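Structures incoming, each one as structure tokens.
What follows is a pair of complexes built around chain A, which joins chain B in one and chain C in the other.
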Partner chain A sequence: MLNFVIGRLLQAVIVLMLLTLLVFSLLRLVPGDPVLQILGPYADRETMEELREQLGFNQPVPEQYATWLGKVVRGDLGESIISRQSVTETLKWRIPVTAQIALGAWAVSMVIGLPAGIIAALNRNRWPDYLSSVFAVAGIAMPSFWLAIMLILIFSVHFHVVPTSGFVSPATDFWRSMRLSILPWFVAGIGGAALLMRQTRSALLEVLGQDYIRTAKAKGLAERVVIMRHAMKNAMIPVLTIVGLGVGNLLAGTLIVEFVFGIPGMGRLLIESLLSHDYPVIQGIVLVVGICVVMSTLLVDIAYGWLDPRIRFT
Partner chain B sequence: MTTIEQSFDVPTPGRKRSAYILTQLLRRRTAFVGLVIIAVVVLMAILAPLVAPYDPLAQDIPASHQMPTLSHLLGTDELGRDILSRIIYGSRSSLEIGVLAIGLGGAVGVVLGMVSGYFRGIIDPILMRIVEALLALPGLLLVIALATSLGTGMKALIIAVAVGSVPHFARLTRGSVLLTRELDYVQAARTIGAGNVRIMLQHIWPNCLQPIIVQGTLGIGVAILVAAAASFIGVGVQPPTPDWGLMIASGHQYVFNNWWLSVPPGVAIMLTVMGFNLFGDGLRDALDPRLRGAS
Partner chain C sequence: MQDRNYWLNRERRRLLDRRLSRRRLIQMSAAGSAGALLLATGCGGGENEQASQGTVVAAGTPKPGGKITIASNAGVSSLDPAVWSLASDKYISYNVFDWPATEGTDTDGNLTVFPNIAESFEWIDNTHIHFRWRRGIKFHDGVDFNSDAIQAYYAHVLDPATKSPRAAELRTLDHVESADAYNSTYILKEPDAVVASLTLSFWTSCIPSPAATDLADSPIGTGPFIFKSQQPGASYELARNPDYWRPGEPYLDAFSVRVLPDKAVAAAALKAGEVDVVGYLETRDVAQFKQDSGFNVSKLGQNVIKVYVNNNRGACQDERVRKALSLAINRDDYIQRYAGEAFVTPGPLVKGGALANPDEPDPASDPEQARQLLAAAGYSDGLSFEKLFTTTEPTDQTNAEILQAQWEKVGVKVNVEYVAIAQAGARLATGDYELAMGGSFGEGDDYELRNVYHSKGVFNAGTITDPDIDRLIDAAKLELDPNERKKLYWQVQKIIMEKTIAVFIIGVPTSVVLAKRVQGYAPDLAIKGLPRMQNQWREIWVS
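So, the complex of A and B:
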């Protein structure tokens, strides 16, 4: 087990290094002169030189990467071109906001996806199964930003049940914060719920077809005991993987939801930075999300190896 | 996983087998619905100038923000342009991005996966770590960051979506190649002196094709969704091109009073993506003997 964990850790480190290379290249991919693109055609020579210096463009590329990486490792993600503030400092108070939305969305996807998948599997080819399949197909195909607008239209504009958009920290006003968060949570969580539902359904159906389930039923165990004690345990292994590996999609969903609901987290910052070509901020956010995903993948891998010994030896 | 089964599949003559798969496919109601949706969207894109009632770019400011009426079935937008016509023309940019990006990304990914899985050696771990690094970024994030760097617009978006799809194809192809290269008939071909290129193209490629086709179909759906999100944010297709994502973005500002600006393009995206997903799922079931007869 120790060898397995060390091997996976090494792999994760290599992937992280490649990730930094990718993030570093983002700015170097810009066709033509990135400085000109950032500042626009009317910038004066002095400002351009200053920015060139700040971005480290007057060094050779490998050296630029080394300098940049050295800073990143020490937690220095550079300075925003627009606001001149430290990217690390800015992200420090944006991340908790995004985390609040992402965690809520994660809870929504679990609360909807798991029971829906179980109900669908237990009622295979009956109406609850069809209904949840329709829900899953629509949930996956629907653009989340559009769903967000539709829900605002229905629940805020038409029925006035929740405020349209904005963000309040739960520490300031808990109930208002919850009311503002309900729609974002739902929108960011619905795609994950659909995937989770499909995965739970197929995992449970596969397990229910196994011999030991028939044996358990033949022993005269109650249906509920067979499902909860025997079937669910094994069905949950692939489901856990989906939950862990869904972190990336969950974060991506949260980023765009923040934009529509005017929530001042990483997502809105990212989109503002994309539009103003604020590359240091873009790089910082991409890196943070990438690290989150690599870490959660690592944890899932290790958990999986622990749960299922077959994985360790392949 | 599917490839294990395929390798034991009874080889039937080409035409007979494709006819069989087609029957299997059409027997599935959902796959058939998917096919019909795709056909409608493709026809809309091809016949746009014939079926669209108005020019999608023609502005008519006095007639702006009109509710759906008989002369404008889906109403007009903030510049008085006919929304139905823009929806019809909008199918072009969605399909163009979906098909071109997946074609491009699929081609590159398949070649990389093939080389990685066939030659192994030092190339394999290097390529696979790069694939993992690319997969560490959620598709949407990778695409919008790349599209911005590459200079925004349709071309940048297509390249960005293509790059985002490469790792999926590379990993899938590599997996299939790894299984196929050890099979007896491939070993036999090698024994009688077939070269690497011949073995890859003639013997391994046909056996890897099925999962790639399925991935391609489902990938187009994902590509359309991601591209719509990029255009919605403002880093994808640029105005005044009729594009569904862009239409939702511009309607967003007026949504409180003019719901008809945002509703139709979203429905169009959802139906199109659904079409590709349903068809892709059906294709997978029809191609995989294990899933035949399962729901």
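So, the complex of A and C:
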């Protein structure tokens, strides 16, 4: 297992390097000029050239990438060209904000998706199954920004149950932070819940049709024991794939939620940085997200071995 | 008919130049407001009409106390005035800091300078500007404001290690020398009358305390509000400066800024009472708030919708074609689209702006003449442009569609290409277009005229080459008298309009929606006799 993990980590380094190289190159190809963005209406040609030289944009692109990579290896993600703040320091306080939303959304998707999928599978072709299917289609089809605004209009503007938007750190005011997070968690998690529900239902239905399940029932075991002890463990393998691969989707989902709800996480920072061509910040965020996705995939692979002892790590 | 705000404005002007106790200030404001209200009622005007015309939103006597929340569409790039680069920074910085002076127009419409923390400002010669600083002002940390702070700030800006965008903007500023604590001279590398407006202004010359160690997180200025705390990227809290050097101000105890990037959510927050001021709503949302008696809508600034024309490419090299493109436009369609609030603009120096020429005629609309000009230019069978690019903003998309339909009536076909707003400026700067449609904020100031119409302008890139325009803009840079400089710009505008260097469609006021309880707001336009508020909230109060 140790060899497996080390091998995967080495692969991860190569994947991340390729990812950052791709993003670095694409950013330079996208139309737009960060220097013009910074100077705005007071720009003139000499000033722009001076600032370009100051920021290192007049160097060849491979040289710029090598300089950036050299800093990254030393733990320095560079400096934002807009705020002049260290990208590492900026991300240090942005990551927990995104993590709060992402973890809450993940919890919502698990709490709604798993039970809904189990209920649908156990009540196949009956009304709980149909209801779950409607929920699944709606959850996948509804754009999250539309759903967010609808929920704000209903629960905040009309019923005044929760605030419209905003963010407060739990350390500053825990209960206000929770109240502000309810709608973002739901909006960010509902799509994942719908997918999880469908996957759980399919996987469980397949397992419930197996001979060993019939045997377990014939032995007189209670249905709950048959489901939870025998069926779920095997059904969870494909479900775990969805959960693990969904980390990337989850982070993408928080991007829209953060923008709509005014939450100062990594996702909103990415949008703002893209609009202002703040290359170092964009590269830093892509690297962090890449690491998250790679690590989550690795954890999923390790979890397979725990769920199914037949799986050997080679 | 007498200006219905005459008494209010007269009192404001007197008060700006004198030190008064808070009690005296409130008494005089009450007298002035009562007079203004009397005149307003007598003339049949109401509060909302005042607001929509762009005058001060005011009902009743200013009273101290209260708190408001302002929505911002983005977080702050930096709280260090040497580093900031986003428009959203102004909500914090213009209230924490002060700047030397504010440009505006006097009651006769002449450009003038309203003193702020500078008591006076004068040109010694065309490379030396002398400032005399106001005494008795303290920073929020108790340090006295004097020329030490000026020296420290510009040293910080001009230090290459700061990588300050201000250094680039103030590139003709060589250094600052101070004869004593209250007299400083700015020394320029070359004559540049235009840079003086930057040295006065909020954008480049917000002065921080020389003792401040971490301006990026803890800004310390002399402004009406003290920076208290932030949830970075989400909210910022400011509290009243009890020792502010303008007696009686500010009225508010505190205000906070909430970052709400999504316009629909900002509108919802305003409706729900979570914020009190939003200045970036969509036109349709503003229209809804106008119908709501719980809100006032006032002007924020102006946006000039125009078509940039590449004068050196294709059919638009012919002046007759350019004239035809302008004559073919029915500007009433656009004015109707903006519910009558838009206006025809006679060129880059928009009506109501500080540089406006009241005698410049509006561009004409005459589709028949447009067809004749196109025929004379050899396009009697019609003319096609490969593309006109504009941004993906909903307003720009609609404006482009209207234009496309109007030009089609005179036989001009154009494909519209939509680019992200963040890329539009860079695309303009490449010069790689035939036609580009967009808006610009402001009244067509020195920098816009230079950057768009001068052959060396950043956004020109070979699209406009007119030696007369170059000569006049170069002369304006050397003209120390702002009113004479304005007249040079009038000549530039005349050439632009006579030769149809660009096609001007309409001016559109941008709006700010305020909760009814927010009083004392004045639009950020050049209102005669008043300095521009520049988003400083010292005169705001809550009813």
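Following the convention adopted for this analysis, the second predicted complex is superposed on the first by the 271 of 314 C-alpha atoms of A that agree within 3 Å, B and C clash if a C-alpha of one lies under 4 Å from a C-alpha of the other, contacts with A are read in each partner's own complex, and residues count from 1 in each chain.
Simple rule for what comes next: a contact is a pair of C-beta atoms (placed from the backbone, for glycine too) under 8 Å apart; a residue touches a chain by one contact, two chains touch by 3 or more.
Note that the structure is predicted; figures quoted are calculated from it, not measured.
J.: Between chain B and chain C, whom does A:Val157 touch in the aligned arrangement: first, second, both, or neither?
T.: Once the two structures are laid over each other on A, A:Val157 reaches both partners.
J.: With the two complexes superposed on chain A, say which partner A:Arg84 touches: chain B (first), chain C (second), both, or neither.
T.: second
J.: After lining up the shared chain so the two structures overlap, which partner does A:Leu39 touch, if you call chain B first and chain C second: first, second, both or neither?
T.: A:Leu39 sits against chain C, while chain B stays out of touch.
J.: May I ask you to decide whether A:Pro31 touches chain B, chain C, both, or neither, giving the answer as first, second, both or neither?
T.: A:Pro31 contacts both chain B and chain C.
J.: Let me test your reading of the model: by the given contact rule, A:Gly166 touches which partner, first (chain B), second (chain C), both or neither?
T.: Second partner only, chain C.
J.: Figure out whether A:Thr47 sits in contact with chain B (first) or chain C (second), or with both, or with neither.
T.: Touch partner of A:Thr47: chain C, not chain B.
J.: Just chain B (first), just chain C (second), both, or neither: which does A:Phe259 touch?
T.: A:Phe259 contacts both chain B and chain C.
J.: Touching A:Leu269, do we find chain B (first), chain C (second), both, or neither?
T.: It touches chain C, and chain B stays clear.
J.: Using the touch definition from the top, say if A:His277 reaches chain B (first), chain C (second), both or neither.
T.: A:His277 contacts both chain B and chain C.
J.: Can you list the residues of chain A that meet both chain B and chain C?
T.: The overlap between the chain B and chain C interfaces on chain A comprises residues 30-31, 37, 145, 149, 152-153, 157, 259-260, 271, 274-275, 277.
J.: Which of the residues in chain A come into contact with chain C in the complex?
T.: 30-33, 36-48, 50-51, 54-55, 82-85, 93-94, 145, 148-149, 152-153, 156-157, 160, 163-169, 172, 259-264, 268-269, 271-272, 274-277
J.: Give the list of chain A residues in touch with chain B in this complex.
T.: For this pair, the touching residues of chain A are 11, 14-15, 18-19, 21-22, 26-27, 29-31, 37, 124-125, 137-138, 140-147, 149-150, 152-153, 157, 248-249, 251-252, 255-256, 259-260, 270-271, 274-275, 277, 282, 286, 289-290, 293-294, 297.
J.: Name, in rising order, each residue of chain B that touches chain A in their complex.
T.: Counting only chain B, the residues touching chain A are 129-130, 132-134, 136-141, 144-146, 148-151, 221, 225, 228-229, 232-235, 245, 248, 251-252, 255-256, 259, 262-263, 265-266, 269-271, 273-274, 277-278, 295.
J.: Using the touch definition from the top, list the residues of chain C that touch chain A in their complex.
T.: 74-75, 77-78, 80, 83, 85-86, 160, 162-163, 165, 168-169, 171, 198, 203, 216, 231-235, 258-262, 264-265, 268-269, 271-272, 274, 419-423, 425-427, 429, 442, 445, 447-448, 450-451, 456-458
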